[in-house]
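As written, the chain order gives the labels A, B, C and D, with residue 1 at the start of each chain.
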Amino acid sequence: MKLPAFASLLAGDTNADRVVPPTGVSARLTLLVSGAMAFLAVFALALSLASGRLATRWGDELANGATLRISAPADQVAAQTQAALRVLDTTPGVGAARALSQDEQRALLEPWFGPDLPVEDLPIPQLIEIIESDGSFDPAGLRLRLAAEVPGAVLDDHARWRRPLVQAASRLKLLGLVSIGLITLATAAMITLAANAALSANAQVIAVLRLVGATDRYIARAFVRRFTLRALTGAAVGTALAMIAVALLPDAGETAGFLTGLSFVGPHWIWPLMVPLLAAIVAFVATRTAALRMLGGLS
Amino acid sequence: MKLPAFASLLAGDTNADRVVPPTGVSARLTLLVSGAMAFLAVFALALSLASGRLATRWGDELANGATLRISAPADQVAAQTQAALRVLDTTPGVGAARALSQDEQRALLEPWFGPDLPVEDLPIPQLIEIIESDGSFDPAGLRLRLAAEVPGAVLDDHARWRRPLVQAASRLKLLGLVSIGLITLATAAMITLAANAALSANAQVIAVLRLVGATDRYIARAFVRRFTLRALTGAAVGTALAMIAVALLPDAGETAGFLTGLSFVGPHWIWPLMVPLLAAIVAFVATRTAALRMLGGLS
Amino acid sequence: MIELENVAYSYGYGGGALLSELSLKLSPGSFHFLTGPSGAGKTTFLKLCYGALRPTSGEVQIFGKDLRGMDRDDIAMARRRIGVVHQDCQFLDHLSVAENIALPLAVSGQEHLADGNLDELMAWVGLTERANALPAELSGGERQRAALARAVIMSPDVVLADEPTGNVDWEMSQRLLTLLVELNRMGKTIMIATHDLSLIRAAKAQVQARVLRISNKRLQLAGADL
Amino acid sequence: MIELENVAYSYGYGGGALLSELSLKLSPGSFHFLTGPSGAGKTTFLKLCYGALRPTSGEVQIFGKDLRGMDRDDIAMARRRIGVVHQDCQFLDHLSVAENIALPLAVSGQEHLADGNLDELMAWVGLTERANALPAELSGGERQRAALARAVIMSPDVVLADEPTGNVDWEMSQRLLTLLVELNRMGKTIMIATHDLSLIRAAKAQVQARVLRISNKRLQLAGADL
């Protein structure tokens, strides 16, 4: 694709434009296809971006998701805690491990007992917070090792139920991207077909133009210009509508956080604006290829 | 739309079929459009159904999502518990409220202290489980009333962070349904346009057929049959591919639960199977309307 | 067979009538020529005769039925009894020449009648060798011959031919004329619009043909100078 | 202007050559007629002359350039100097008759030349009243006249006309002939394929015309009987 050609296209040449029949079902088809596809693409993009943000956030929260509880006679607690920390130190996937102080333990229990619980006097187990490094460690393996070396330790992997959520969010993001790819491909194919339909419906126009001495470039230009503009217009309208729709989706505010933020955030607003441009480029390449190939086959 | 006409269409009349040019860009366009749109529709459907399930599940879990904690001197606990239950009884949005037994309290605390905690001997607060009836009660209002009547009560609305998730899931479901509607509309429009393109590209075919005494029904039939079959085939292939893709999405198993279950569940497998049927009906109506209207305008 | 009474026709608004006060009765077995300068309305007149155009005023009867009372299906049925040769011969470009010629049979569900008839007809118009060619691969004259063959394959009651010999040489035009004369002898009604005066002269030697002339919007019987 | 040397042509495979051993030199200012039975290859021959078909063997020179050395753009440029009347006249259906006739000017970016010329030409071929009609609204003869007008609007060096009078009456064909004869007197090269022997006779009375005949795949000079 030559960019100068693409740019000069928008300048227009009303003369060459007139020789191709002005309205055509194919042109309207292109408008509609690119509009609808742009709309869907923007939605898929929003879904994908939101899922991506979600995956990142949940991933962060996952990092400190597991605790180890050491219940042992009072005199053994300290020793077992040291042993457990040593084990954790050598467990792959565990980034850091730290025994909680009494104040921290009290804060954790506050919801259940209120602020006045005498932690010191109770046979409360020692808690060890596990911070995962990357992805996840293997809880089953860790349990086996702990069973052998620290009999009083119980691993509570309370992020367990959240990990699949992150997976799900990543998958949703992937699904969104796959949909966008699919939409782009389908759009390109449909515009190519629409251009081909227009070209073969206008076989006679082309024959007449060749007969009176029109060059291939002159003929192709009128078709390419028309289809590129239609795709651009259609996609722009579709994108605009989709962005309005996305912006209108009620935002659940700060507390919501999780999935509600489907709207575009900050610099992400750039992405949907690429959609019409992409559509125009796709249409330009598709139509130009179709036109020049078809013209090459005529005398 | 006459159903007998639709049914007899599939029986076929090779004679009438031959008189319409066999391959046409429009026909391929129809195939592609319905295939791609069916694929997207099935994905949107999967997303929508999964979100729906999620919303229901989370909604159920939300139902018992709040607890009331009564911390008071041992002799006042019983009285304050009664008072709190009375308050809850008259709070709109609260379906039921129930003081937990000691066994239940111990079970709740087990993760923290292990199974051997002497609950009876500890100054542990009494917990009251709140089961919401429909939607949600107003936590702020409830707190105000409690502050006045039950000084030792602390409301822990621990489902608070989960409620927007349910909202989000419902919204995602809606988005999926809107996308399906959009896809259906766009597909209908595109098939209508493709049919129109085919009809006007074949204006000469139609003129010749009229000249030699073909009836409108005979002419329309060949076009309608072709487009309906293409839409059916395209949508069937698109649906099949999408269903395979959905089935191949790794299932995170029982523990996962939340968003990972994007695949169709049980009777929901019926829904995507409706997609090709819908596409065929849409194509049939669109093409038939276009053909008969166009033929009516000719002599 | 076909009767026009006091028919007038004009295309669209604005301009005056193209044809007016036309009255004609095509009786079974008659043979007519239609002449007139280019643009006089010969093609328009033929279109009125087979129901492709509806008169602005006046009455057209096709096979005894008033055109105004006929719906689109009735007209389609009447067309099966009228063979038409268009001035610009149109075919189904994806079917072979033979299939195009047999098209009227296919459309009316009588393909089985084609066999012997078709071959003989193709031979007569000199298209046997081109039977499997596509219409786009025919020469101008070959197209006209194919169009005439298609018009007569059903042995229709009426044949309306618009300039059927404009692109063929003299010998071939005589062959085509002979075909039409034969049909006329079998009792069919024939009407040919043409500029070719020598064709008319040749026909007059073989059958009793009336020559009509469109001039000044009216239909006139042409003088004996032809 | 256009030179063919020992040219042969056959459509596709299978069948033998349609034309062979053709040699002809169209010198500036010459006037040729091309005849031969329907299907002999007249149209094919004209297409060879303006580069729409490339010969199977032999050499074609257009304006002194070997066709084999010309790319698609070169051919497009050469077409601007050759006026062609197709046997089945094709137009751009969405443009008016006047715009269609002026199309060669538009395509070569010379619309400004149209004005006076166009009106005069339209009047000569009798289309002044139909100037704003669409091509689909023309009669068969009107289409042929429009096609001829389009072919000569650029006053090309060569005019190749394929059966330009098949659908017009005698008087109009004389007018069209006069137009071509005038062009010839201005030094243009003319070649007309036709079946109409009386047209040839009429032309011979006005200019020195050579009559070529395609028969048995060869090009022959026709006898003095014409």
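Going forward, a residue touches a chain if its C-beta (ideal position, glycine included) is under 8 Å from a C-beta of that chain, and two chains touch if they have at least 3 such contacts.
The structure presented is a predicted model; accordingly, all values stated were derived computationally and were not measured.
> Quick one: which chain's Cα centre is the longest way from chain B's?
Looking at centroid distances, D is the chain farthest away.
> Express in whole angstrom the distance between the two chain centres, defined as the mean CA positions of chain B and chain D.
It comes to 67 Å between the two C-alpha centres.
> On a C-alpha centroid basis, what's the spacing between chain A and chain B, in Å?
Centre-to-centre distance between chain A and chain B: 20 Å.
> Rounded to a whole Å, what is the gap between the Cα centroids of chain B and chain C?
That gives a centre separation of 63 Å.
> Using the touch rule from the top of the page, what residues of chain C touch 2 or more other chains?
Nothing qualifies.
> Do you know which chain B residues sit against two or more other chains?
none
> Looking only at which chains touch which, which shape fits best: line, ring, star, complete or other?
Ring.
> What's the complete list of touching chain pairs for this entry?
Touching chain pairs, listed by label, are A-B, A-D, B-C, C-D.
> Quick check on the complex: what are the chain A residues that touch chain D?
So the residues of chain A in touch with chain D come to 15, 18-19, 21-22, 204-205, 207-216, 218, 295-296, 299.
> Any idea which chain B residues touch chain A in the complex?
Within the complex, chain B contacts chain A at residues 24-26, 28-29, 32-33, 36, 39-40, 43, 47, 69, 71, 108-109, 111-114, 116-117, 122-125, 127, 154, 156, 158, 160-161, 164-165, 167-169, 171-172, 175, 179, 182-183, 186, 189-190, 193-194, 196-197, 200-201, 249-250, 252, 255-260, 262.
> Can you name the residues of chain C that touch chain D in the complex?
11, 35-39, 42-43, 87-88, 126, 130, 137, 139-143, 145, 162-163, 166-172, 195, 197
> In their shared complex, at which residues does chain C touch chain B?
The contact residues of chain C facing chain B are 51-54, 72-73, 76-80, 84, 86, 90-95, 103-104, 106-109, 111, 150.
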